[in-house]
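Consider the two complexes below, in which chain A is the common component and chain B and chain C are the respective partners.
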Partner chain A sequence: MNRVGLALKWFLFVWMVVVIWAAFMWIPSAEGFKGESSRIVFFHVPTAWVATLAFLVSCIASGMYLWRREPKYDFGAAVSAGLGLLYAVLATVTGAIFAKIMWGAYWNWDPRQTSITILLLIYAAYFALRSAVADPEKRATLSAVYSILAFVTVPFLMFIVPRIYFSLHPDVMTNADPDNSLDSAHLIVLLASLAGFTGLSVWLYSVGTRIEKIRHRRRQEVL
Partner chain B sequence: MSDLTGIMAVTMIIWIGLFAYVYRLDRKVSRLED
Partner chain C sequence: MSRWLAEALAVAAKDLRAEFRTRVALNSLALFALTTLAAVSYTIGPYRLAAEDRPFLLSVLLWIVIFFAALAGLDRSFVKEEESHTAPLLRLAAAPTVVWAGKLLYNLVLIFVLMAMLAPLFCVLMGFEIAMPWRFVMVLAVGGYGLAVITTIVAAIIAQAMTRGALFSVLSLPLLLPLLIIVIEGTRAVAMGDLASFSESLRAMITMAGAMTIVSAFLFPIVWRD
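The block that comes next holds the complex of A and B.
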């Protein structure tokens, strides 16, 4: 582990400690939300953002694999899809907790909840496909094509569908109404959290792809 | 201790645990790479 890498990891640790403290202790509860429910936005939005980013990286890595046919791109696509799936589950769980506080039930079949459920199933099928094909090259090719097709649905399911239908979900990030937008303190903590979660994901991606490379090397040695 | 402080403490423990796990895994992977 080099010195810069080590320093960045400890910087991320301190950064997230400050973000967690600020999210609960520094920021006052936002108006228009029940109780302290608004604080979940500092964890829910970053997990949804990182999930989208991870699915995009998986799509790009899959395209690179189909172009170059190098196993490292297949590892990147699989690790990214796994991270995306994990973060999408976290976004769903934090969203359900928010729904319980604000709307009285964990699950309301709101367009956001329905669309993320479909997305989870699509990416769960990606791993079912990977585990069903034994030949590494065939597996990589099929899953790369599937990953690209799966990502086509992401903009629709994450951004378009929830905005076409009536949704209870607050839209504080993109709405133009100044009375219903985030104040500067909330925005600072939200952006800091987004940066922290993105940094954590880059680290997890790095560790995940290195593990896959070691596995690949060992399989080659056995053969 | 208020509910909010308790939730913050739990979130902090989860973060410290996650960081420690990934840090150890990272070091182990570095050793295996050498």
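The block that comes next holds the complex of A and C.
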């Protein structure tokens, strides 16, 4: 690994340590929440954000694959979908813990929970499709098509279904309620955490695609 | 444009003619729907549910029967071309978008036949009273169209894969679930005469079906080419 990459990696580690310290020690617990439950927001929101970002990257990489037909875009799409799945699971778990503390149950089919479940199902289906096609080129094409199709449903899950049904989940995009907004210290830690998690996922993405490239080269050598 | 439409209609007519020779898809659609309906009706019937629960539960049951019957019958449209080795000929004879439109029309006919049979029977057997019948027909039509669009493109994808039967449900259900949630809400709204909720879910349905139509029209040629 080159020097810049190594320096960035160490910087990322230090950054994440500072974020974790700030989230648990520096910030006072927010009012209106039970106990220390508000601290989970510094991890729940970034994981959900990275999950969305990863699915977006997967969709773009799939589109690039269909355009250019180069294997590297297929690796990118697959690795990114895997990361998206991982972060979506983390967002679901942290959300369920918060729901238990604040609203009394881990799971009550709140629209947000329904939509994240469907999202998990979609990307699990994506991997089911990948494992069902043996020919690498055909697998890349079909899974790219499915990934784009799947991404079309995401706005419906994120914005429309929660609008039709009543949800306890705070509104993500249009936070009109002034009592619900964050004070500046919380906002700084949240943004730092968002940046840290984004950096972490970029690093994981680069590791994942490098592994896929090595696997690809091995297959070529065997054939 | 009219030539394109005529060709698409020819593809759909070819499929319907082949379907009426064997009636595989129609039989599995109808039998699945009737069996589920019989089970639901036997257990619940018109008197078992409390009045305030009826619109919610009956609209869920109606769409469960429709969706799962569709999953049982609609996976054949492209698989049968691959199995009988007629796909290469179809690739030579017609442009990809024509094939897509033809298959979509064919699936639409199957779904609308199923709905025309099932929905009145369901309402009669379950005592499902609809406050706004014409809007109910609109929900069925738009929901059925969305169902046909999504299952058509998924059927095209699985025809290229190995384990076809199971994969069809695995790939379709997550894509269909948002639509399913919205149409169930729309059906509940028309049953209770809730105009505001009806209009909101109808708009969401149209947006979703429209987006899926455009995306699959663009993606289908890629799936179909090789």
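Just so we're on the same page, the second predicted complex is superposed on the first by the 216 of 223 C-alpha atoms of A that agree within 3 Å, B and C clash if a C-alpha of one lies under 4 Å from a C-alpha of the other, contacts with A are read in each partner's own complex, and residues count from 1 in each chain.
Everything below uses one rule, namely that a residue touches a chain if its C-beta (ideal position, glycine included) is under 8 Å from a C-beta of that chain, and two chains touch if they have at least 3 such contacts.
For clarity, every value in this text was computed on a predicted model and none was experimentally measured.
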Touched partner set for A:13, first chain B, second chain C, both or neither: first
Contacts of A:207 with chain B and chain C, given as first, second, both or neither: first
Touching partner for A:125 - first (chain B), second (chain C), both, neither: second
Superposed model, chain A: greater residue contact from chain B or chain C: C
Which superposed partner A:141 touches (first chain B, second chain C, both, neither): second
Chain A residues contacted in one complex by chain B, in the other by chain C: none
Complex contacts: residues of chain C adjacent to chain A: 153, 157, 160-163, 167, 170-171, 173-175, 177-178, 181-182, 185, 197, 200-201, 204, 207-208, 211-212, 215-216, 219, 222-223, 226
Residue ranges of chain A touching chain B (in the complex, touch as defined): 1, 9, 12-13, 16-17, 20-21, 23-25, 36, 43, 203-204, 207, 210-211, 214
Residues of chain B defined as touching chain A within the complex: 3-5, 7-8, 11-12, 15, 19, 22-23, 25-27, 29-30, 32-33
Residues of chain A defined as touching chain C within the complex: 66, 114-115, 118, 121-122, 124-125, 128-129, 132-134, 137-138, 141-142, 145-146, 148-150, 152-153, 156-157, 160-161, 163-165
